[in-house]
Amino acid sequence: MTDFIRSGQRAADQLRPVRITRGYTIHAEGSVLIEFGNTRVLCTASVEEKVPPHKRGSGGGWVTAEYGMLPRSTHTRSDREAARGKQSGRTQEIQRLIGRSLRAVFDLKALGERTIHLDCDVLQADGGTRTAAITGAYVAAQDAVARLIAQGKLGASPIRDALAAISVGIVQGMPLLDLEYLEDSACDTDMNVVMTGAGHFVEVQGTAEGAAFTRREMEQLLALADKGIAELVALQRAALTSPLSKQ
Amino acid sequence: MTDFIRSGQRAADQLRPVRITRGYTIHAEGSVLIEFGNTRVLCTASVEEKVPPHKRGSGGGWVTAEYGMLPRSTHTRSDREAARGKQSGRTQEIQRLIGRSLRAVFDLKALGERTIHLDCDVLQADGGTRTAAITGAYVAAQDAVARLIAQGKLGASPIRDALAAISVGIVQGMPLLDLEYLEDSACDTDMNVVMTGAGHFVEVQGTAEGAAFTRREMEQLLALADKGIAELVALQRAALTSPLSKQ
Amino acid sequence: MTDFIRSGQRAADQLRPVRITRGYTIHAEGSVLIEFGNTRVLCTASVEEKVPPHKRGSGGGWVTAEYGMLPRSTHTRSDREAARGKQSGRTQEIQRLIGRSLRAVFDLKALGERTIHLDCDVLQADGGTRTAAITGAYVAAQDAVARLIAQGKLGASPIRDALAAISVGIVQGMPLLDLEYLEDSACDTDMNVVMTGAGHFVEVQGTAEGAAFTRREMEQLLALADKGIAELVALQRAALTSPLSKQ
Amino acid sequence: MTDFIRSGQRAADQLRPVRITRGYTIHAEGSVLIEFGNTRVLCTASVEEKVPPHKRGSGGGWVTAEYGMLPRSTHTRSDREAARGKQSGRTQEIQRLIGRSLRAVFDLKALGERTIHLDCDVLQADGGTRTAAITGAYVAAQDAVARLIAQGKLGASPIRDALAAISVGIVQGMPLLDLEYLEDSACDTDMNVVMTGAGHFVEVQGTAEGAAFTRREMEQLLALADKGIAELVALQRAALTSPLSKQ
Amino acid sequence: MTDFIRSGQRAADQLRPVRITRGYTIHAEGSVLIEFGNTRVLCTASVEEKVPPHKRGSGGGWVTAEYGMLPRSTHTRSDREAARGKQSGRTQEIQRLIGRSLRAVFDLKALGERTIHLDCDVLQADGGTRTAAITGAYVAAQDAVARLIAQGKLGASPIRDALAAISVGIVQGMPLLDLEYLEDSACDTDMNVVMTGAGHFVEVQGTAEGAAFTRREMEQLLALADKGIAELVALQRAALTSPLSKQ
Amino acid sequence: MTDFIRSGQRAADQLRPVRITRGYTIHAEGSVLIEFGNTRVLCTASVEEKVPPHKRGSGGGWVTAEYGMLPRSTHTRSDREAARGKQSGRTQEIQRLIGRSLRAVFDLKALGERTIHLDCDVLQADGGTRTAAITGAYVAAQDAVARLIAQGKLGASPIRDALAAISVGIVQGMPLLDLEYLEDSACDTDMNVVMTGAGHFVEVQGTAEGAAFTRREMEQLLALADKGIAELVALQRAALTSPLSKQ
């Protein structure tokens, strides 16, 4: 087992350069372009003053997500899901994950009878789109909530903790943080981890693509994820404390 | 935190009664009714002597799964997916999980250019349908492979290891093995674990439904899963060594 | 014209062994596994305390049916209708037939503003699935109605008469009762007959698969159906008077 | 039971005025407007020099049908099926019936590897659209076959017998031939009968809308159908022997 | 550039024979068969006493259109859109054009909270189906409005001006009015023009199929359209002043 | 008629600030972000080395387009078309327009048997998305063609002329160039014009939203469009002669 060399001399436990641009588009209540290296995802948060049927009359709100990839965000063009007339199983799985993750840090009761729609659209893909989406959607949600507070519609924030996500995996026997596309294609084990600012797990989804993985490998991966997420949470905080200047 | 009392005096680390009936229906190459307590899933394995487009000409085979619930397998009737004209995100997520898990123990090259379709249909649901489906589909796949060997179409089995799955979760602070429906509805954390006979992980999917969970809780859950899966693998082995008597 | 020999020395006017298992699953208000030889159909009756739009405010209820075949209930695997995204014309034709037939013995006014959903799912197919479905759905409907009476929601039964169905056909010139799959494939004329306990017709659907049939042949077929249905009605009555023991 | 008075003093066993216009449109190989009173159906036969997958390489041909109603062919406007994105169960049932009926008089082997598509579109509906469609489609098919013979593509006709269809029913206890819409809405029993020129049955589909019907009533209905179909076959023959003048 | 010879010695600026038959079918409030040469479109206007959601409570009405082609209205049979499960982009584009055009001459406020549905179904196609549809739908709409006035539901007509449409194009360098199918296939530029009785434009849709067209060519085409539409408006007026005799 | 004041003191015949960013994303053969003021559309050109069925074996190529809006590119969030399962009529109309327009400047024969897919995705909408899409797609197509030439797959460019598009309209009686959203909502007449570098028309689509428009108004609008498109073609040329620096 020789060590795998990452592009750009990146260390095994190093994130790609992360860039968080708030106010990327003008109409949404929250609009964030998040970049994990070459992966670029536009995350918007839209507030709607009503809730889906299963929450009506409950007094509580809802947070939901949709995910899409532009047809040529990838190396070779993929079919447009709108043209094919259905979302793939992968798309649905990812948007369910994003929505579930965000709801884990929301006090839905405190949100009131309104819905926050998180739209995560991949402009450019190079691995880790779902984790970038969750990390960016959290920032967009914060901006949308801040606006609700500024408008006097909410007295306090219903967001209880920070939230970020990162991928980890084992490539040629080596545990790596934040896989880019080529690493993801080559990995034996791929894990997506979603954690709160307090360092607790919201989601852990590990898959053996090649050989099954051991408990020890799992622990190495979780430790890497823990480190990466702490860094992401710091970057989110920094982005959120900068003034929001509309493009 | 008072201890949660399980139905039927079941211990926290105890599986529900498991029943594996091979040859449950007559047409499929493998046909298994698996029961985890009141959860009953019919798993059939069908051999088709061709492969999907992405495997054509590769010399290798394919293993894929579909999942469904009969409309009244649940407490209240659900809409029939065929009538609604689409499978839910949940259904797609589960059938992707089943297929991916089974492929993890298959040497697709050794299977030859043929497909094994695993159909997992829930006749009665009481929690844990996806883990029962994986555990039963493995047995059905074994029967289908045995028939291919008996027919001289395969010289040796392409199945490299046993495979089983179980759910674990935390209910009122207490880690539990093999959640039934009421426990699943009440749990804070829900985790589905798929492991090989060798005790390695194929899939780990943990979700915080309520509070986020800690590393220590995760370790408790993985230990429970490990114990449960070892028992399931023994039950599969026992079932597979009994003579297959068609109903 | 030499006589066609039926499998198992069955006489031309003889039903296959019929088995009716009530309480086959636990959640539905009525749940019946009906077997006509190797044909096995699970029929559940679900009560919903509302009616479809066209009956709203009418004071009357509704009875409707859905039908499905598990993908490997047949000799070779069929596509799953939920995955294909639509029900076939055959499926729709059969479920419309089941619903219409059951409504013929229901006093919908007396049912009150509620709906009985009959789900007929074929676990194993060997000819005659639609007639088994109607015959089993009637028993499931009786159990659902009995529960409504036991709950005090209904004072008297809205079911006015018994209902059963059977197939008849002409194979190699010979009129046969209750066709199994091989006979059905070989027949010149195939007829499905639905009758009440009083011996009157609810549906007659005869189709010349090969040569057109004469009035005399039609009369022979109706006489066979009449005999078979009288026997089925007796079997239904016997099943309904046994105590219902949940599996 | 007082006698039901039919519109226009029509006798119980009398057809509505039937008009068969050949060459109604110019592009199709056969194009027939058939009128049963106010019911008007445009039936075209289109020849395609290939067959569907299940007939490929068989040497034989195929005959298939599609059916549709213009949105305002009825008293109140119905949704357009193309806009709704699916054909109703009723539409599918009817087009399957038309196709099956026409195939019953075709020697598919003698047709050669080609398909005849029969499109039956209801311009105006007043009951009996499916029986008018079958009766008209037969004439359109004859014209299409005649053209194939004239072109030297066929040496002899693959059509073995004439084919027509009529509805019969019991209204206020009175058996009636060829129900118009108001009669159809009021009837207790409704039966569609498809017969050959030789007077044999191709399809019999009887449904008790209200009370179940007796064997004696069934015989009365079949006798009425027999009379009506003999008249329709004569009208078809007369239409087919007139010169075909394109509109 | 040699002159293109039109079929039937038609002059470049001459319409095909136009025939407008009111009362073509009996159920619709307005029902018009319009023929431009061999192009035949059935246009019905149906009045519904409610409006779509976006107009509810506005006090105003709505006018909308749907368009379809019978499968064998064309030279070779096209797939039935209802069977394919979706309307083509072309169909949607045309029906949006028809609806928009008709609304341009309607005072929707004066129509009151009701909807006029215009269904334009092509029975036979030979070029210009969308312009025939608009021209015929206008006449059908007039008949529907006349009935609303006769019933006392409207005091005055909400239709503010006449409306007609025609195609123009350049074939082998020659500007032509009212293209038939062969001309349409051969043309370099194709333009559909919708105008009011006052001679103003409602829609102009010009497309270069081959070479891009110049401003001067555009002016020639608009002049031709102007002439054609004046003639169509006169023909509409004549048709509308004849007594409406139901077929 | 008082003069309408445009935002930012824009003159009636003045374009919004136009920005063309080539190489906006890294995977596509051509990738252009085009901005008309606040309208921002990402246009990618993807080369595929095969053609759709209708061009197979023709020796010639194909150019086609798809269009989409991100759900929150607009003032209020719209449903995601992929989630709804179908593209709206508007979407289909626009993508047909883009594809048709681009094909008008392509020598498809000279392109060879390959397809250029143009994906135009609106990131932010403020009126004129379809005209920005056409103008940007032309630049992306140029980049894709340049790459084919650089790779030696093409000897010379199959693009015969420049192509750009602009909207014009009449607002409060005043003809305006390049409508932004508020102007578009208020306009009486809205026209989209697509022209070549040589100043000829490829598409003219004018619609009276309010009052019908006169010939004189049409001429004013066409003159405005002519001016705007000449400016856009110059901006395209400038963008294409700058070095392409990948972001």
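A, B, C, D, E and F are the chain letters, set down in written order, and residue numbers restart from 1 in every chain.
The criterion applied here is as follows: a contact is a pair of C-beta atoms (placed from the backbone, for glycine too) under 8 Å apart; a residue touches a chain by one contact, two chains touch by 3 or more.
This one's a predicted model, so the numbers in the text were calculated from it and none came from an experiment.
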> Hey, how far apart are chain C and chain F in touch steps, shortest way?
Replying inline: 3
> What's the overlap between the neighbours of chain A and those of chain D?
Replying inline: none
> Counting a repeat as over half of the contact pairs in common, which of D-E, A-B or A-F repeats C-D?
Replying inline: A-B
>> Please tell me the distance, in whole Å, between the geometric centres of chain C and chain E computed from their C-alpha atoms.
In response: 51
>> Using Cα averages as centroids, what's the distance between chain E and chain F in whole Å?
In response: 29
> What is the distance, in whole Å, between the centres of chain B and chain C, each centre taken as the mean of its C-alpha atoms?
Replying inline: 32
>> If I count partner chains per residue in chain A, which residues reach a count of at least 2?
In response: 85-86
> Okay, in this complex, where on chain B does chain A touch?
Replying inline: 86, 89-90, 92-93, 95-96, 100, 104, 161, 191, 195-196, 198, 200-208, 211-215, 218, 222
> Quick one: in the complex, what on chain D touches chain E?
Replying inline: 25-28, 31, 38, 40, 42, 44, 46, 48, 66, 68, 70-77, 80-83, 85-87, 91, 117, 119, 121, 123-125
